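These notes open a run of structures that come right after.
Two complexes come next, and they have one chain in common, chain A, joined by chain B in the first and chain C in the second.
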Partner chain A sequence: MSEALLEVSGLRTWFPIRKGVFRSVVGHVRAVDGVDLTVRAGETLALVGESGCGKTTVGRTILGLEPAREGAVRFEGVDLAALAPAELRPYRKEVQIVFQDPMASLDPRMRVREIVAEGMRSFGLGKNEAERTERVAEQLRRVRLDPDAMDRYPHEFSGGQRQRIGIARALAVEPRLLICDEAVSALDVSIQAQILNLLSELQEELGLAYLFITHDLSVVRYLAHEVAVMYLGQIVEHGPTEQIFEDPRHPYTRGLLAAVPSVDPARRSAEPVVLGDVPSPASPPDGCRFHTRCPEVFDRCSREMPEVAVRGDRGCRCFLPRATEA
Partner chain B sequence: MRVLEVSDLVTGFPAGRERIHVIDGVSLYLEAGETLALVGESGCGKSMTALSILRLVPRPGRVEAGKVLLEGRDLLSLAVPDMRNVRGAEISMIFQEPMTSLNPVARVGKQVVEAIRLHEKVGVPAARERTLELFRRAGIPDAEARLDAYPHQLSGGLKQRVMIAMALATRPKVLIADEPTTALDVTIQAQILELLRELKRDFGTAILLITHDIGVVNELADRVAVMYGGRVVEEGDRSQVLGEPAHPYTQGLLRSMPGFATAHERLAEIPGVVPPPAEWPAGCRFDTRCERVLGHCRSEAPAATPVGEGHRVFCHAVASEIGEAP
Partner chain C sequence: MSAHVLSNVVVGLLFVLGIATGVFVRRNRLWREALFELWRRRRVSILVIGVYVLVALLDSIAWVGGGDVEGVAAHEARSVIDRIFEGTREASYSAPLAATSFYGKEPLKAPSRHLLGTDILGRDVFHRTLKGARVALLIGGVTSAIAIPLALLLGVSAGYFGGRLDDVVFFVMSTLASMPGLLLLIALILALGKGTWQICLALGVTSWVGLCRVTRGEAFKLRELDYVQAARALGVSELRIVWRHVLPNLMHLVIITFVLMFSGLVLSEAILAYLGIGLDGSWGQMIDQARDELSRDPVIWWNITAAGTALFALLLAVNFVGDALRDILDPRTLREDL
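Let's turn to the complex of A and B:
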């Protein structure tokens, strides 16, 4: 296992709920409510969970796009919150993001050249226009696009090609970590395969680390080295991918895996184990956040919140003895 | 008995002086009580096939040729008011986004009551009683109270259950379900898949399931028709199409799925992208991306080649292989 590149600890990001003429704060959406995670250099950590569980907010907080209420984000051991703006700049370039919807995230009025060069300019990469053009061409080749694409506009490209442009833009400032927020979720399977292959190749070539945010468990199993499962603002289980899939311990992880449709015609296996809907993050349940839907709930669960029990490289937030097995 | 039989359906849109056939000779059938999955990537014509069956093709498009027989009656030659009676009574629909069919400002119970009374002469109390029964059947917790809810007060999963209750209220012969679980989280999807399985068993409704998700196909379908470029390219039992795919496109599609791949190994790709309808090739529509392309693929549309009991493939390469075999 390689060393930690990014470490998030005790992270809380809450959004105020405002009401009335004075817009006074009447409560908070606890989108992220005590998250710890580690992304290792050159490896992929998948952050999985259902919609609204806070995955995107974790990513946005790491990028500094949302203010953290509590907790720390460390890059190579440096606490980013403790840095002055000027000291922070070099770190900002190390972490870049690729979004789900390439069309919405690329400015339709800008040429590909400008889109890719934008970040380079703000981080002072490339001395002059000629040098920047050469770098843009290099990024486009890197994502297997023809450098001639430079002078065209986003709408002239297919969904998969636009996602390549989004990746080229992120890579242009030479980051070491890419946050991919549902980066392949909107793509058709055959195009998704092309982009997943590209991401693997880039990881190999550039030693990139990925924080791969997704709800698609078959993609997770295929590409992640480690997995963190999120539910209502918290990580409920984490560990090496194969172990999580072979031996899930948290009742939510188990339910999530059981619910995944099988693609094997010899068996049908999607089973609704976890019933009902996710409660609102504005008023999460007391005790274990999962206790209202947990098939194994017992009396202690509604009174007390379990901590993450860490054993070796695995962790599980549950009172069941299974959670702490070696 | 075949409840629904579509033959040689052609649906076109004007493009300059030409017409583009986005559905080009689609034939398929539904036996009573069975589920046929129509699968393919975006833009292949799945939803347009459904809209053509229902005679809801948006202008300026129109169905130009073919037959749609519902228990022997050709829907394409019905008078407009008769067709209106077929829709919602004999054929119902559920969509990916329940709000396309739910009225946001009316209570959901009332909407179902009205749907029943539109097609049947029953009083409000009887219709309400039936609605309550359907809500219970659709697994809506606290069904009686939910009758008075507005759509926005319900979660995505509950809205989809209301949609399903509404679709079944008139005891249709055919249910068209267009991406019914695509917008839902996997634990909610598993619950809806389970519900559809139960309804299929208990009501004997034939389902035309439209989806791009092979897992959902496998969990629900009896038979599968794969579409590419406005045509059906392969058709057969679920286990035939998913287990022994014969068309190069079906094979490529299944091979490119992370769910079939070994972790971290390169995914098989289908090269290129689906061309837009205006650029669809004259012969086989897959010939621009096919690895097994032959000379006459470019010019002639392939005819059906049987490769097993009820298993047909539209491919010149498959036809010539079988022709050469003794």
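Let's turn to the complex of A and C:
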């Protein structure tokens, strides 16, 4: 196992709810509420969870697009969350993002050449126009696109091609960590496979690390070395991918895995599925965040918040003995 | 600097601006295709507007001297249009293409050459109608040049940066929007005085709110879009994001609003002229002055018809183009093959 590239600890990102004429803060949406995770150099960590659990906000906070309320985002030991904007700038190059919707993530009024070169200009990579053009061509080849396409506009490409352009834009500044925020969720299944193959080839070629944010567990199993399961702003379980899939310990993880549609009737489990809807992150339940939906809830769950019990390379936030005794 | 020199300089600047825009459009394929599509759909309207612009420009190029003309002071500058109609001033009314004056008494200086007749002072109505084009375009152009930058500056900064600035801008917009437009306009003109700049300024103050509201909303939306977020993650500065991403993606709204606002402004001036606070030489003024003539017997109809038709044709052409532009540039109707 390689060393940690990115270490997030105790991260909280809260969004204030303002009301009235004076915009006084009447509460917070606790989108991210105490998240710890580690991405290792050249490996993939998948962050999974339902819509609205805060996984996208984790990515945005790591990038510095949202201010962290508490906690540290350490990139090779440097806490990015504590840096002033000017000091953060060199690290922007190291961490980049690929978005979910390839329609919205490319400026419709820019040519591919300008889109891919934007980060190069920003960081002064490539001395002149000719050199930048050469670098743009190189990036396009890297994502298996024809460099001749660089004078075309985003709407002239298909969804999968657009997603490749988005990847090329991120790679153009030579990052070491790529945050893929639902990067394949908006694509057709056949295109998904192409993009996933591309991502894993790029990981081998360039030694990239991925923080792969998704709700699609089948994608996770294909790509991820490790998995962190997120529920209502917290990580409820984390560990190596195979172990999480073969032996899920947290009731929520088991619920998620049971909800994955399977073509094999033998694999369809009789496990209880997670009940009801996600509570509002503006007023999360007391005690364990998951107790309102947990099929195995008992009285302690509504009073106390369980801590993450770490056993070896796995962790689980639950009181059940199965969670703590490996 | 005397008025005609300024006018000539402005014509020169417009020429340079036109060439610069042409070069930009040639380079940018999206705009080139959009304009080509506009031409394909609205050929006649564009040609009509082109004629108006040409006439207005010809009327803006003026110089002093060149021939001794009666009734014109030696230091007075006359435009190209003025020079075409030189020496055709009659004593009073004459009907279109008439050989004698209206009451049949005296022979005309230029018989059968007054295409649209002459007015009470013997001025050629066709000449005055042509001169009205310059006034109309001046009002639309200068007012837009005041209102659009103001609306963009306030709208984009309020929408993109938000916070207190947004509160202030929104308050000002709501206050202005809550006042009856025409009353505010009249009050402003009475306070500022009558004159081209004053009227344009007054119209500008009352017309920026609409565009500002649209750009504010759009900037607010664009701020959250993924490509703006991606630029931020790439370390691009906020001002550069506004310049490279926000403004280009607002341009279609600005152009559509400009075209539709333009016809509204020309019409507003006509209404102001009707109230007696319009600009000298405008179509509105011609219509206002021709009101009484409709009660004469026989009716003097050519004055009001000429001004009304000229105004109507320009507004119709502009609105046709505006309508087509909305279809072509609105991203919601942006077709894949555009």
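The rule is short, and it goes like this: the second predicted complex is superposed on the first by the 311 of 326 C-alpha atoms of A that agree within 3 Å, B and C clash if a C-alpha of one lies under 4 Å from a C-alpha of the other, contacts with A are read in each partner's own complex, and residues count from 1 in each chain.
FYI, a contact is a pair of C-beta atoms (placed from the backbone, for glycine too) under 8 Å apart; a residue touches a chain by one contact, two chains touch by 3 or more.
Computed from a predicted structure; not experimentally measured.
**Q** For A:T214, using the defined touch cut-off, is the partner it touches chain B, chain C, both, or neither? Pick first, second, both or neither.
**A** neither
**Q** Would you check which partner chain A:V189 touches, where first means chain B only, second means chain C only, and both and neither mean what they say?
**A** first
**Q** So, does A:T38 touch the first partner chain B, the second partner chain C, both, or neither?
**A** After superposition on chain A, A:T38 lies in contact with neither partner.
**Q** Quick check on the superposed pair: does A:I97 touch chain B, chain C, both, or neither? Answer first, second, both or neither.
**A** A:I97 sits against chain C, while chain B stays out of touch.
**Q** Per the contact definition in the header, classify A:R89: touching chain B only (first), chain C only (second), both, or neither.
**A** Second partner only, chain C.
**Q** With the two structures laid over each other on chain A, which partner does A:Y222 touch: chain B (first), chain C (second), both, or neither?
**A** A:Y222 contacts chain B only, not chain C.
**Q** Which of the two partners, first being chain B and second being chain C, lies in contact with A:E242: first, second, both, or neither?
**A** First partner only.
**Q** Using the touch definition from the top, say if A:G255 reaches chain B (first), chain C (second), both or neither.
**A** first
**Q** Using the touch definition up top, name the residues of chain B that touch chain A in the complex.
**A** Contacts found on chain B: 41-42, 141, 155, 157-158, 185-191, 193-194, 212-216, 218-219, 238-239, 242-243, 252-254, 256-261, 263-264, 266-270, 273-274.
**Q** Which residues of chain C touch chain A in the complex?
**A** 29-30, 225-227, 229-236, 244-245, 248-249, 251, 331, 334, 336, 338
**Q** Which residues of chain A touch chain B once you look at their complex with the stated criterion?
**A** Going through chain A, the ones touching chain B are 50-51, 158, 160-161, 188-194, 196-197, 200, 215-219, 221-223, 241-242, 255-256, 258-266, 268, 270-278.
**Q** Which of the residues in chain A come into contact with chain C in the complex?
**A** It is residues 60, 63-65, 89, 92-93, 95-97, 99-101, 104-110, 118-119, 122-123, 153, 155, 166, 169-170, 173 of chain A that touch chain C.
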